[in-house]
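The structure appears below as structure tokens.
So that you can tell them apart, the chains are marked A, B, C and D in the order they are listed, and the count of residues begins at 1 in each.
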Amino acid sequence: MTQLPGLLDTEAIRKDFPILDRVLHDGKKLVYLDNAATSQTPRQVLDVLSEYYEQHNANVHRGVHVLAEEATELYEGARDKVAAFINAPSRDEVIFTKNASESLNLVANMLGWADEPYRVDSDTEIVITEMEHHSNIVPWQLLAQRTGAKLKWFGLTDDGRLDLSRIDEIITPKTKIVSFVLVSNILGTLNPVEEIVRRAQEVGALVLIDASQAAPHMALDVQALQADFVAFTGHKMCGPTGIGVLWGRAGLLEDLPPFLGGGEMIETVSMHSSTYAPAPHKFEAGTPPIAQAVGLGAAVDYLNSIGMDKIAAHEHALTEYAIQRLQKVPDLRIIGPATAEDRGAAISFTLGDIHPHDVGQVLDEQGIAVRVGHHCARPVCLRYGIPATTRASFYLYSTPAEVDALVDGLEHVRNFFG
Amino acid sequence: MTQLPGLLDTEAIRKDFPILDRVLHDGKKLVYLDNAATSQTPRQVLDVLSEYYEQHNANVHRGVHVLAEEATELYEGARDKVAAFINAPSRDEVIFTKNASESLNLVANMLGWADEPYRVDSDTEIVITEMEHHSNIVPWQLLAQRTGAKLKWFGLTDDGRLDLSRIDEIITPKTKIVSFVLVSNILGTLNPVEEIVRRAQEVGALVLIDASQAAPHMALDVQALQADFVAFTGHKMCGPTGIGVLWGRAGLLEDLPPFLGGGEMIETVSMHSSTYAPAPHKFEAGTPPIAQAVGLGAAVDYLNSIGMDKIAAHEHALTEYAIQRLQKVPDLRIIGPATAEDRGAAISFTLGDIHPHDVGQVLDEQGIAVRVGHHCARPVCLRYGIPATTRASFYLYSTPAEVDALVDGLEHVRNFFG
Amino acid sequence: MYQDVILDHYKHPHGRGLRDGDAEVHHVNPTCGDEITLRVKYDGTRIADVSYEGQGCSISQASASVLNDLLVGKDLDEARKIQGTFLELMQSKGRIEPDDAMEDLLEDAVAFAGVSKYPARVKCALLSWMAWKDATAQALGEEKTA
Amino acid sequence: MYQDVILDHYKHPHGRGLRDGDAEVHHVNPTCGDEITLRVKYDGTRIADVSYEGQGCSISQASASVLNDLLVGKDLDEARKIQGTFLELMQSKGRIEPDDAMEDLLEDAVAFAGVSKYPARVKCALLSWMAWKDATAQALGEEKTA
């Protein structure tokens, strides 16, 4: 077996993930390399979910009975855990949403309805990048259409990095918000936060960082990032589906208007007018995803028990190994940085003329789960003149043997369509 | 034991709900009468949730691998189940949201951004009622503030019914949308849909029905209701938290603009513009609450296996019994209809001068979980000149013995504060 | 949580009613509808009166009565110390066992120690105290600190 | 799912390239980026030609090649019958086992029966067929029915 420095004890870790024992297609062991789409869920999280429903389930905040108090404590306890996980200055800066997409839309909508100095309107500009996930493109297109603001973006270099050469023309005093991905889900690129934040601060623009592909894979420190908002999603970090996070600076959350209206987010309601609860509740209308937040808290505990730095080191070693092996596959072209430096553990590639759908299908027949398509980042495919890519993406339970299986599988694909 | 005609076999049913075995405060058995806040979750749903995560977990729609196909089939299968449960003409009319509040906000936002003839603007009016849940008030207040539309509402009669005497003045040709609750979560009132829908159709207004307290308790037929939209929430109907539903007429969903932008809801994206997928996906941005939708599908199966008509009959018998017993408690005043006709299984009341918080706390000490407060329907409390109520609410597993426990508990409360 | 002391204050509140004051505030606990209108009257930095009207649960009502007992006649510094200690006790989640010094300072208010185990009720117990803090800041022309 | 017939059509597509036509449509499968530009040429109700350019997976490309084979030269009624039967087969989720009659009608297209078990790929197989339907409606001036 391949031994790389810095790897985790995956044999032990894999025992935590029941699904990794699954056998597909008459006896093929699952090789799950679709972690950028969603991660698998450890027993530790599933147990907490079951325990929640079997012991404590109740609606939160409004009850004086034992179950309601327990549920509230668990739910708010999860907020504490997430706040600590991202080093938030205050737990009240952590808003639970249903996924990262809602988090991103929430910011776009707050800014559309905000008063000065935050308000996005026809005199202002919004800046994103060409490597964003659709969930960080479409909300801004909608906001631009609805307010008349101008949408601008950073292009990409040939090797899959942000082209910041014209940063001063792109981020200008008219810019109200700069929203960009920390780690690209299609290219794997880790973006240079500091340079962008510095320029944004210079012109007084807010910064939103889409950390959906970062939070699961590396230690995240919202204070070090110096952003104003950070969004991520639970199902990519060992948590359940149905839960996302938006972190925002306390002062901003106080100033900005609510988004969804309803139960929980109010202070007092009459038919004529309402006042709103302080953040985070102001932004959490209705019964929140209680069990899912609690599950995310358990996921955070789980990740901490392994150690985020160790997870990052593991993935770095694996990515380095994978790049090295993939580059030897004939006709394989990596889309994105071709080294393991400043990149995450998602590797996109094309394989000669063979369409990614066919690559994915034939890999699947061997039990290897990869994602194919534009990965909700179609502008990247347009930029590189390709219809789609095949993407392999790793996580803490991925092994060199799985990289080997992928490479063997690709060999088989080439023979099949050759 | 009290025997009432029409009761379900609760002894068998209660075995499905692990939490009902919980023992509180040194030996008190849980008497869970807070079902209008959230229902408990049967083993059958929990098993499906675990199986989802342990066997099939993957992101939906975009994958060619086995897990992705299984997850997609389970997720879309849940849509089929929900569509059948509410007799929707088409499965594509069922949109999964995170809760009823999001469903209601979704409609409000669609109408704010819509083109004619749906557009809500300063020349138009919005109609709700004084018995709405905050989640069906605040979205419309926000929409009214943001568009300049006028918000109007139906008041209440002294016995907790809608006052429709001025219906023709309230719903006028300027009305774009009439949104009202089918069963009130605070009063228990079942509202007369037909009369309101008829008038709304006369003036060409859309109708949105908040069925959050109806879907769990009675057979729901969106075609019979003749509404344009129907909203409800999973956690009140034996489903998980984190999942809600909006049903909408196909033609409307086609015409109306999207709300949240992101992955899944698009057809094709470039940096300059995007086109949207057909409904329901157009309204489901980002990774949906997959496991939660699957869990809701299992909840629907579970409810069907008991039978919605039987559940309604059970609750009716129980409500009748409870009203009869509660009315004999000195100083107890029922807020809402004082008979079991045209009402759901939530009963609000006040007990002399004793504050509901105190009532709830002392009941809790006896293991009896009720909700106290304004139940996210503060205008109702204002209307009846009370700060709050105590609310007991039943479900398919509730028993006459639990009603008896409540009545005994209230006796104890009276002695305690007497 | 319902100590006899609390029930006594609830059934026979001290100093209830609105009297002349330097500042008035109205505080609401939105989750349960508890309300209080509270006035403070200062004589220099001495608290000449705290008068109040309100509706709500036994905890919020008894707490206002205890506040009136404890603070009226005290100097502001002393009152702040009492308020701070009471706040600490209420936020202790049942973890503070009041010692003699605390009992001397808080008198009847130590009876609320048990309430601190019930997060939903802590706000009730604090309602009048937060109102007093606000009213005081207003009366003395300080910046709002709540 | 990758029958030899399919791989053959993929590697050696029939009738590929854009030629003169009465109508042209461009269809895209947004989930995978499969694209086809397709032209139909009618001679009365007889299909004189179906020409196309596209990029995409083996299934979508092979399916267009099979379509060209099957439909060119046919009368519209017959072509519609073929299209309807192919659609039915593809939506069968693997439940239809093609019988002799179906094999006679669909010829090489029966090789796609296995694809119907893969929901994500059904759209690929149908891409050119939907494009043909659209282009035909346009060419013959009918209302769009897709």
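Note that a contact is a pair of C-beta atoms (placed from the backbone, for glycine too) under 8 Å apart; a residue touches a chain by one contact, two chains touch by 3 or more.
Model, not experiment: these values are computed from the prediction.
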(request) Between B-D and A-D, flag the pair that has more C-beta pairs in contact. (result) A-D
(request) If we define chain centres by averaging CA atoms, which chain lands farthest from subunit A? Would you check? (result) C
(request) Can you check how far apart subunit C and subunit D are, centre to centre, with Cα atoms defining each centre and the answer in Å? (result) 78
(request) Would you kindly tell me how far, in whole Å, the mean C-alpha position of subunit D lies from that of subunit B? (result) 46
(message) Averaging over Cα atoms per chain, report the distance between subunit A and subunit B in Å.
(response) 31
(message) On a C-alpha centroid basis, what's the spacing between subunit A and subunit D, in Å?
(response) 38
(request) Scan subunit B for residues touching two or more other chains and write them down. (result) 62-64, 68, 266, 268, 357, 361, 372-373, 378
(message) Using the touch definition from the top, which residues of subunit D touch two or more other chains?
(response) 31, 118, 121
(message) Quick check on the complex: what are the subunit A residues that touch subunit C?
(response) 61-64, 68-69, 72-73, 266-268, 277
(message) Under the definition above, what is the set of subunit B residues touching subunit C in their complex?
(response) 355-358, 361-362, 372-374, 378, 381, 387-388, 416-417
(request) Sort out for me which residues of subunit A touch subunit B in the complex. (result) 18-19, 22, 24-25, 30, 32, 34, 37-38, 40-41, 46, 49-50, 53-59, 62-68, 98-102, 104-105, 108, 113, 130, 133-142, 146, 151, 153, 233, 235, 240-244, 258, 260-266, 268-271, 273-274, 285-292, 357, 360-361, 363-364, 368-373, 375-376, 378-379, 382
(request) Please name which positions on subunit C make contact with subunit B in the complex. (result) 1-2, 7, 10, 31-35, 55-59, 61, 118, 121, 124
(request) In the complex, go through subunit C and note every residue touching subunit A. (result) 28, 30-31, 118-121
